[in-house]
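Please read the structure below before turning to the comments.
In order of appearance the chains are A, B and C, and numbering begins at 1 in each one.
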Amino acid sequence: MRKIPSLWIRVPLYIVIITIMLLVNLPFIWMLVTAFKHESEVFSLPPRFYPDFFDFRNFAGAMEQIPMGRYLFNSLFVALSVTLLQLVFNSFAAYGLSRLRFKGRDLIFLILVGTLMVPPEVTLVPLYIIVKNLGMIDSYRVLIIPFMSSAFGIFLLRQFFLGIPRELEEAAIIDGAGRVKIFFTIILPLSKPALWTMSLFTFIAHWNEYMWPLVSVSDPKYQMIQVGISQFVSGWETRWTYRMAASALTVVPIIIFFFFVQKQFVEGISVSGIKE
Amino acid sequence: MPFMRRRTREALAGWIFISPALVTQVLFIYFPLGWSFFVSFFRWNLIRPMRYIGFDNYTSMFTSSDFWHSLSVTFVYVAVTVPVSIFIGLLLALLVNLPWLKGKGAFRTFFYVPVITSMAAAAVIWAWIFESNVGLLNYFLSWFGIKSINWLSDPNYALVAMMIIGIWKRIGYNMVLFLAGLQVIPRTYYEAADIDGATPFKKFLSITWPLLSPTTLFVTVMQFIASFRVFVSVSVMTRGGPAQSTQVITFYLYENAFAYLKFGYAAAISVFMFVLMIIFTLIQFRFSKKRVHYL
Amino acid sequence: MGLVLENITKIFRSDGSDMRAVDHIALEIPSGALVTLLGPSGCGKTTTLRMIAGFELPTEGSVRLEGEDITFLPPNQRNISMVFQSYALFPHLSVEENVAFGLKIKHISRDTVRKETREMIDLVGLRGLEKRRPDQLSGGQQQRVALARSLVMKPKVLLFDEPLSNLDAKLRESMRLEIRRIQQETAITSVYVTHDQVEAMSISDLIVIMEKGKIMQKGSPFEVYIRPENAFVADFIGKVNFIEGVADKQDPESGIVVSSSLKKSFNCRNALVEKGRPARIVVRPEAFSLSNARNEELNSIAGTVLSYSFLGSHLEYIVKLPDGSVINALEYNLSERQLPRVGEEKRLFFSKENAWTIPG
């Protein structure tokens, strides 16, 4: 049993922690406050943390300036599609790499996981040229197809699959189950936590993706929200209230989503430690 | 021989299961990577045909003052953000790990929020905080008598602003990694130190810090790579300016490719980045083999 | 003959060196019998079992089931079922679904699946627990589910891979009887792997003792205990004392072994060893009697009590002989109710019938 320090130590430390927590989240608080302010309030000094009245018109204003709805839908669609495809292809690959024995398997594993060493910036230019030559620029395909599988996801799932006792598989084999049957009725149901963690990482990473849509999409019809919102900063005439309203629309859904799934998310990082 | 047939069937199943992932990874990562090397020996703007120019892209890169400038800007950024974000991340981990602290989960979650939000949106929000006339940061600084700073338009401060965002965005991630590392340290060491009457600071120096070194090394590598790749904040907020003060290497690469359409030259830059990061990873890898196996 | 192993050999190759896990095992298992493969870990018993199951392919030799060569058939086409050491129950399925798993794959009508599943759950005594998940069951109940899941497939051969090793001692004893009861009721040819000799003795029709990939002896529990063919078997099955010597007289009914270090000769039940060759007398601890009754028919040796333990029903002695060797003896007849003293002289008697010779 460890001793609990006195109040004189605990209270100041609580104050320190809470202060840091507020500071870290201050940008979001300030964003929300501003998003609901009336244009005239924004320039008051000292800054006011509580608006005189809640003004929802900023959200409509932001939507008018850029096609926010379209961008949000595109991001949702792309991130979900990528996640679903990765669920399929990553788990396929992870199963082959963890449960089936064949020549060259370990080499393929190295090849697949080796892509973790290649930062996307390095392949940005040639990848752009390739998709341009394939006529994929300005489409959903260009945002989805290159990311159908990921080294991170394969690695995570493979580690998990390796932990499933071999005897379970043998019990199923002796009962007459084939590889595909085992994969769908034994391996996948038992791997729900890992599949869920991988899906969360993938979805959030692609919702937040900026660089690839920036270079591969110029048509607003296919543009994703992160690039869309950055257009707000370049225009000097845009109001700060609109900008913050647009930011709130981009960020708040993800934060709320994160609060629901944070446990799995943070534990996933501690386990894998290889993805933001 | 039936023996062979069973093996072959398993191998066939294996290849079928891995092939979709293998094809996409090769097609969209290895093939482009190889192409980067290839294109870096050509002059090419997508409009006129490619022209082989040997090592010209590399020579002009290494003699370009812009290239060296962007490299030095990047290294200054790395040199500041790596130690600071690791230090704060560790500090937060130690605080959140205090055994008597209530609401650990909530603190951990809130410290982590910046990590899951997008850099693009964060940059928009921070631009508002950095605003020079009524921005929140300058208002706080005015309490200490500091005159208003043009964070994003003053060449002396723009990179500092980028560093602040970069650190803010990463401390939660580093904290979580350190927390994981702290859980691995056996409690018995601390109990033994308690019996010896060691102070908390002494315990940190003689137990926590040395036993945490594998985690620290890992966090350092991850943070180095992340800092080296800084792009979104620059792209959204300053576009390399003012006066090229935030012209980091990734943005330099991006501009050469997509603004000046110098694809061959941009490819040479990406090859350079790739080699640099591989070298760094390998150095760290060797280093880690020697030191890390404490536990 | 039910199941026949014809000289099967398994060589594992790793890093260029060969490991002979199973070395020319030949075995015939009659239909309906329960045969135990017994031996220390690494003796090849599990590998043999896995070759019968089809999880490993023999490097040499063949496996026959009711005359049909099944050596290279995949596990699911052999009509064989297996109870795994860890039970290998599917954790995401209920008891019922676990038992029905294999039947469903066979595309049998839903009613038949339900009926057979229920019958099997009744047979192993799990009625009322059908909807539970494995993690809501005790170890013994999980074991029963594993048994039901194997039996429901109506296999020609049932394999057991150390099925009781995860249970506590008490449960192990009752499950042992339960497995034997169900096996006899269903009359399924069974191969049972264990490293526990008591388990093997209590459950088997035939025990096959293995060491380093080879069969050391096969026989009924009675035979391997009373007539071990070599020191390994004598030592592995139960406790044993060895008295070293040289074989002397030869006749089929009895033998004499002379120990030069003890300066004594002993009368033995058998004469396995040629005259003049080194021999070992096998004497079980319970074969000694410590009574002082003079009987010239009996073999006897004298020694000093090194230590003893009083175990309620009996006393366990460690006695040191003049040549320095040590004898382990049990005394059940504690009529005098008086404990010996350490250092006391004791004379140990054993009959000719209890002296079994093996090659030294």
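Keep in mind that, in the parts below, a contact is a pair of C-beta atoms (placed from the backbone, for glycine too) under 8 Å apart; a residue touches a chain by one contact, two chains touch by 3 or more.
Keep in mind the model is a prediction, meaning the values are calculated, not measured.
J.: Quick check on this structure: which chain has its C-alpha centroid closest to the centroid of all protein C-alpha atoms?
T.: A
J.: Taking contacts as defined above, which has more of them, A-B or B-C?
T.: It is A-B, judged by the count of C-beta pairs in contact.
J.: Taking the mean of the C-alpha atoms as each chain's centre, how many Å separate subunit A from subunit C?
T.: 57
J.: When the C-alpha atoms of subunit A and subunit B are each averaged to a single point, how far apart are the two points in Å?
T.: Between these chains, centre-to-centre, one finds 16 Å.
J.: Provide the C-alpha centroid distance between subunit B and subunit C, rounded to the nearest whole angstrom.
T.: Taking the average C-alpha coordinate of subunit B and of subunit C, the gap between them is 61 Å.
J.: Quick check: what residues of subunit C touch more than one other chain, meaning two or more?
T.: Only 74 qualify.
J.: Show the residues in subunit A shared as contacts by 2 or more other chains, in ascending order.
T.: If we look for residues of subunit A contacting two or more partner chains, we find none.
J.: State the interface residues of subunit A toward subunit B in the complex, per the touch definition above.
T.: It is residues 2, 4-5, 10, 13-14, 16-17, 20-21, 24-28, 30-31, 34, 42-47, 88-90, 92-93, 95-97, 100-103, 105, 108, 111-112, 115, 117-119, 121-130, 132, 145-149, 151, 154, 179, 183, 204, 207-208, 210-211, 214-215, 226-227, 229-230, 232-233, 240, 243-244, 246-247, 250-251, 254-255, 258-259, 262-263, 265-266, 269-271, 273-274, 276 of subunit A that touch subunit B.
J.: Please name which positions on subunit B make contact with subunit C in the complex.
T.: 2-3, 6
J.: Under the definition above, what is the set of subunit C residues touching subunit B in their complex?
T.: Subunit C reaches subunit B through residues 57, 72, 74.
J.: Give every residue of subunit C touching subunit A within the complex, in rising order.
T.: 53-55, 74-76, 80-82, 84-86, 88-92, 101-102, 105-106, 149, 153
J.: Provide the residue numbers of subunit B that touch subunit A in the complex, in ascending order.
T.: By the definition above, subunit B touches subunit A via 7, 10-11, 13-18, 20-22, 24-26, 28-33, 35-36, 39, 46, 92, 95-96, 98-101, 105, 107-129, 131, 133-134, 136, 139, 168, 171-173, 176-177, 179-180, 183, 190-191, 194, 218, 222, 225-226, 229, 231-232, 235-237, 250, 253-254, 257-258, 263, 266-267, 270-271, 273-274, 277-278, 281.
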